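Below, chain A partners chain B and then partners chain C, in two separate complexes.
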Partner chain A sequence: MKSVIYFLLGVLLILTGSCRKNYEAPVPYAFNNTPGAGHFVPSVRQSMEGVYAVSDGAGQFGGQVVLKWTYLLNGADTNHYLSIFTGTDAGYFNLEGNPKADSLVLNGYWRKLVNTSTGLVQLTVKSKHNGRLQVYDTNKLETADTLVLEGLYSNDKASPTQKLTLTYRRPLNSRPFSIMAHRSGGRTSDLLPVSENSVEMIKLASRLGATGIEIDVRYTKDGVPILYHDNALNLRLIQKNGLTGPIENYTYEQLNTLVRLVNGEKIPTLEEALETVVTNTSLSLVWLDTKYIGPMDKVQAIQQKYRQKAILNRRNLRIIIGLPTTEAVDQYKALANKDNTPILCELDTAITRSLGARIWAPRWTLGPQTQEVLAMKAEGTTVFVWTLDEPKFIQEFVSQNNFDGILSNYSSVVAYYHYSEQQ
Partner chain B sequence: MYSQYIRLYTWVVCLLLISLSADAQRQRTRYSHLPRPKRVFAPEHPRYVQPDARQPAIYFPQAPLPGKTRKSIGLVFTTTPPELTEEIRVSVPAIDFNIQRGLTKRLYAIGRIQTQIVQSNVGAGLRWSSQLTDRLFIAPGIDITGWFGALAIKDVFNSQAYGVQAFPSVSVGYRFTRDVQLTVKSEAIMDLYYRSQVGNLAVTYDRRRVNGVAFTFMLEQPFYKQQHVSVGFRAAYSNFNWQLWSLYDTFDRNLFYPQFIFGFIL
Partner chain C sequence: MMIHLRILVWITCLLISRSVANAQSVQRTDTVQLTPPPRGPYNFVMTVGSGLSFYSTHLGVPAALEQTHVSRFGVPATLRMMWYPDHRLRIGLETGWTTMYSYRGHVSGEPAHVYVSLVPILLVFSMPMAWLSGTERSIARRFAATVGTGVYLNHSRLDYLGTVLTNTNSLGWMAAGSYTQPIGRRLRVAGELKWYDAVAAENAAFTAEVQLVWRAFSW
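After this line comes the complex of A and B, so read on.
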């Protein structure tokens, strides 16, 4: 009898201990990454960007989506990708042109960031002329014609069989606005295919809707600025290797040799990250979040080096040092020369003004703070809000039209609400 | 996904083998010619408990006598899921006060207040208890709770939120002959209303949906002199937990919220 009780108690413990489910959302599509745009010449890409109505597929993706092209530079080659932002469950599509098809065909996948839903997508670009769908030809497009993307989608890796139809409604909202992706593109906990604060995530950020990124900077034991969010090495961020404790206890060589992020990437140095931003992406803003305690001069030197590199490459890129705490403010004040060192202050408006920061970034949980925001903007200060992930609040903050940008783990949601906002 | 089930299955099989092995070893050393001592108190024993007697309890599914009230006060420790708090583990205790009143022989009303000062949860509900056997009891019921929280911290929070949830439940209780009572309670967690405000900006969700489930395993027994305690564990597997409203969880996934519960029955 006693053994039965022990057994039942044991089963109970195991059952309760097993409640932590491992969620996964593997990408069901392998990108060809063929350089160039194929049939999607610049005029086609430009004409395709806009806000679309969803007819078939509205139950899954909502009644309206936003289409936006992005690109990635690889040396002399350029890869073009079409992103679709759904606004429902933080959903997005990543698509690439099919170079083998005769017409304008796109293949890729869709994903909802709030859960693990994903699937394949195939779309063909057509135009509706006099109520009839026909092959899209930019040269023959008449004023009354409407662009239509028609195709199929599936769930998970199944072959697409469910109908999806997107019909052009209006152009994208063109108001300047910074859509900044947290942790270089998104959180590892959102089950993205690459790890947060990695070079691979920086390359993905634009396809998730971002126009800028925030990255977390720490120092290794030997003083190398690297990208890492948490205080310590842990299985949330890295693969199991037996190493624990503060990242500042390890040299760069040790981290580079022994540690891999959860999706297998190396922990990048700040220089590697900024090199990627400058040479591979079209991102226009990098927010360096100060997670370290110590002198800021090394980070400042790297920031200035890549600012110069961006200017030489004719890139419209701002690299900004974030000051989230009074300690970080003190580190900034201790810099011998503050010239050409743009900063962003997360503390109150008085400190922001006293530092001469050109960007003020309060937490979103303080609310819209309309008076303070308008006062700072009247003084020429840019105002961002962070880290806002709640879709309904994102919609409200965007529609209030006061902030110059939003930092979010769901840049696809910010992109959807910003680009679809009626001007 | 499947590897998780295989791992669970392997653990269960190993545990079964260990349990059987331990039992077999005990059997070998036992003097089989001697009568096996009784492990229950006889009816004449001073600690014998009548099957239908009412022991001090809060979770055990037996109604208080009509017009009678029973109360408890204690603490609930909830561990935060790593998906929300990442590397930080927080287990802030909530003060937990329970009150129950018999309405009829079987029907009783319950009230519960949990508070962490800046956020609180007030619940009320009804239970209908039945005695299935000498020692086995059951009580279906439903609780409606309202939670609310407010945070005002310079440069960090100017936020408030409140919501309403429903918890239909079934409690099954077994009364051991020694005055120990075991209760297993299963609950469905249902969202009815949610309102969140930052500054002067508010959003509401009023969709009614099943948010998750919870299972409670509770022992109620004498503790010291005439004092009785409730001590147990609640495993909630849900999409939202009121204590973590200020983290603004956006995941549409059920997360595991283990809770340790301890209370003095007054």
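After this line comes the complex of A and C, so read on.
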């Protein structure tokens, strides 16, 4: 009798525990992407950027947030988006102005990257004058007035009902600092709405807090530089289609026709990626991570072509070739002409100096390396650290004020700690 | 479907572990005797089989393909080497080859064909079901449950603007139920229903096979 009970208990345990949970975090809001900024004219946008105190909603988003406007160029049109970085659970908001509203109204969604929490947000920009909230007008703003964003948020797709109030505290930290997003903006595994190393992710990167991106470059069988992180086609990155194995086994045409990234995008060529960076975004740095084994000349030619294009477009954009291994260093050394080919070295300081690299990027697990970092900076070398995702260490590295930039999968967290840092 | 089969595997494991416990308790009783009964016989049994397979999970066909034709059926082949001891739990190795699926179509008039198959390399445990009836002479003795785990070699072939052959490994498991009919002193014929699941590659197939079971060595 006892064994039957144990058996049934076992079956019950299996029944309740054998299901594999499928994690999803669909974006609950459909952006209108209306060109222009509507009521959010440049002076309004500029005045809104800053560090805000959270009163209503602090339990969900923490006591302090950072507000930053970004934009995306689409030909002659510009789309403006407001990002809010919470610093809690790698949270962020993506908002756009509501062109139909008479006042300064923002609609969008919030998301936490460490879990699947998401929801809708509606905020109205107001000013507090003599303790009373009123419609915000930049022309009537007095020195003692305070900006307040007031509105509602919800969980998932429910209509917003929970109160959210943000009150302006101080301007953003203006120290120059590179916030670089790993895998062109973020990882597919963090349930972002677009796939890593895709054109769509490059367009999203700024809204996640990035000022620069790292992209993973590989060659197809016929020598086309493309963006792909892993060394093989797998279900972590692509939709199921039966194709597996090293990406270098496939020609570009085969990949372009038959393979789609997990969110349905094509695997972009390096040229498509850089074209997007130059013509659509405000990103200021692209770090080309050398994942390929083979000649570097094609990547160098593309890097120089888009550097020229950025100069012609009056874009402040640096396109850097990353050297993560001694093999990559050898590939770089084999280049016939190294003029106008900025590099970033991930190896030790001696190799970095010997190569004349403009940027040294040690891995974060080696620690702050304060002496080496200061020595390299004294020599005029820019120093980045990678790939730092732990909020506690991001905060520590930002506050130490030694590094010139951080590469992270959570650029929203780096943005929060950098912009909210007290100068 | 996958969840239910997983449950079946777990239940089989429970039944096997309970049977092993029973066998051990019998052994403990035996140790009271002054002269332990002779062990054996032991057998090395080889099984070969084939039949029909059906790809039983989600499959993706690229949207760019036109005039697509998808096939989920295939002809599997199984080779299993088992050690049959003098108790019910048997252990062995299984390998073989099973078609998972294939699809064909055209892209701008150019033919495209993808074929996916897998080779299991599994450690398998098997147990006759006779103990359920409580008598060794029951017909249930001819029914057996088999579970296994190991590596699947996933093979894919693409024919589109050239041929690409690739292999990737995936951990996975299998579960099967069989009926075995004696046809000679050393030969038996069996029918087996089996579930192959290459978990990491998300490939899974249901197979129905006729098998020839040969008791190769006895000692």
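Quick note on the criterion: the second predicted complex is superposed on the first by the 403 of 423 C-alpha atoms of A that agree within 3 Å, B and C clash if a C-alpha of one lies under 4 Å from a C-alpha of the other, contacts with A are read in each partner's own complex, and residues count from 1 in each chain.
Rule of thumb we're sticking to: a contact is a pair of C-beta atoms (placed from the backbone, for glycine too) under 8 Å apart; a residue touches a chain by one contact, two chains touch by 3 or more.
Fair warning: this is a prediction, and the values are worked out from it, not measured in the lab.
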For A:259 in the superposed arrangement: first (chain B), second (chain C), both or neither? second
Quick check for you: in the superposed arrangement, does A:232 touch first (chain B), second (chain C), both or neither? both
Check the contacts made with chain A and report whether chain B or chain C touches more of its residues. B
Quick check for you: in the superposed arrangement, does A:176 touch first (chain B), second (chain C), both or neither? neither
When the two structures are overlaid on chain A, which partner does A:245 contact: first (chain B), second (chain C), both, or neither? second
Touching A:380 in the superposition: chain B (first), chain C (second), both, neither? neither
Which positions of chain A sit in both the chain B and the chain C interface? 3, 7, 10-11, 14-15, 18-19, 232, 234
Chain A to chain C touching residues, read off their complex: 3, 7, 10-11, 14-15, 18-19, 232, 234-235, 239-246, 249-251, 253-254, 257-260
Touching chain B in the complex: which residues of chain A? 1-4, 6-7, 10-12, 14-16, 18-24, 89-90, 112, 114-116, 189, 229-232, 234, 236, 346-348, 362-369, 389-393, 396-397, 400, 409-410
Can you tell me which positions in chain B touch chain A when the two form their complex? 1, 4, 7-8, 11-12, 15-16, 19-20, 22-23, 26, 39, 81-83, 86-87, 151, 154-159, 196-201, 203, 205, 215, 217, 233, 235, 237, 246, 248, 250-254, 256, 258
Flag every residue of chain C that touches chain A in the complex, lowest number first. 3, 6-7, 10-11, 14, 18, 58-65, 100-101, 103, 107, 112, 114-116, 154, 156, 158, 160-162, 164, 166-168, 200-202
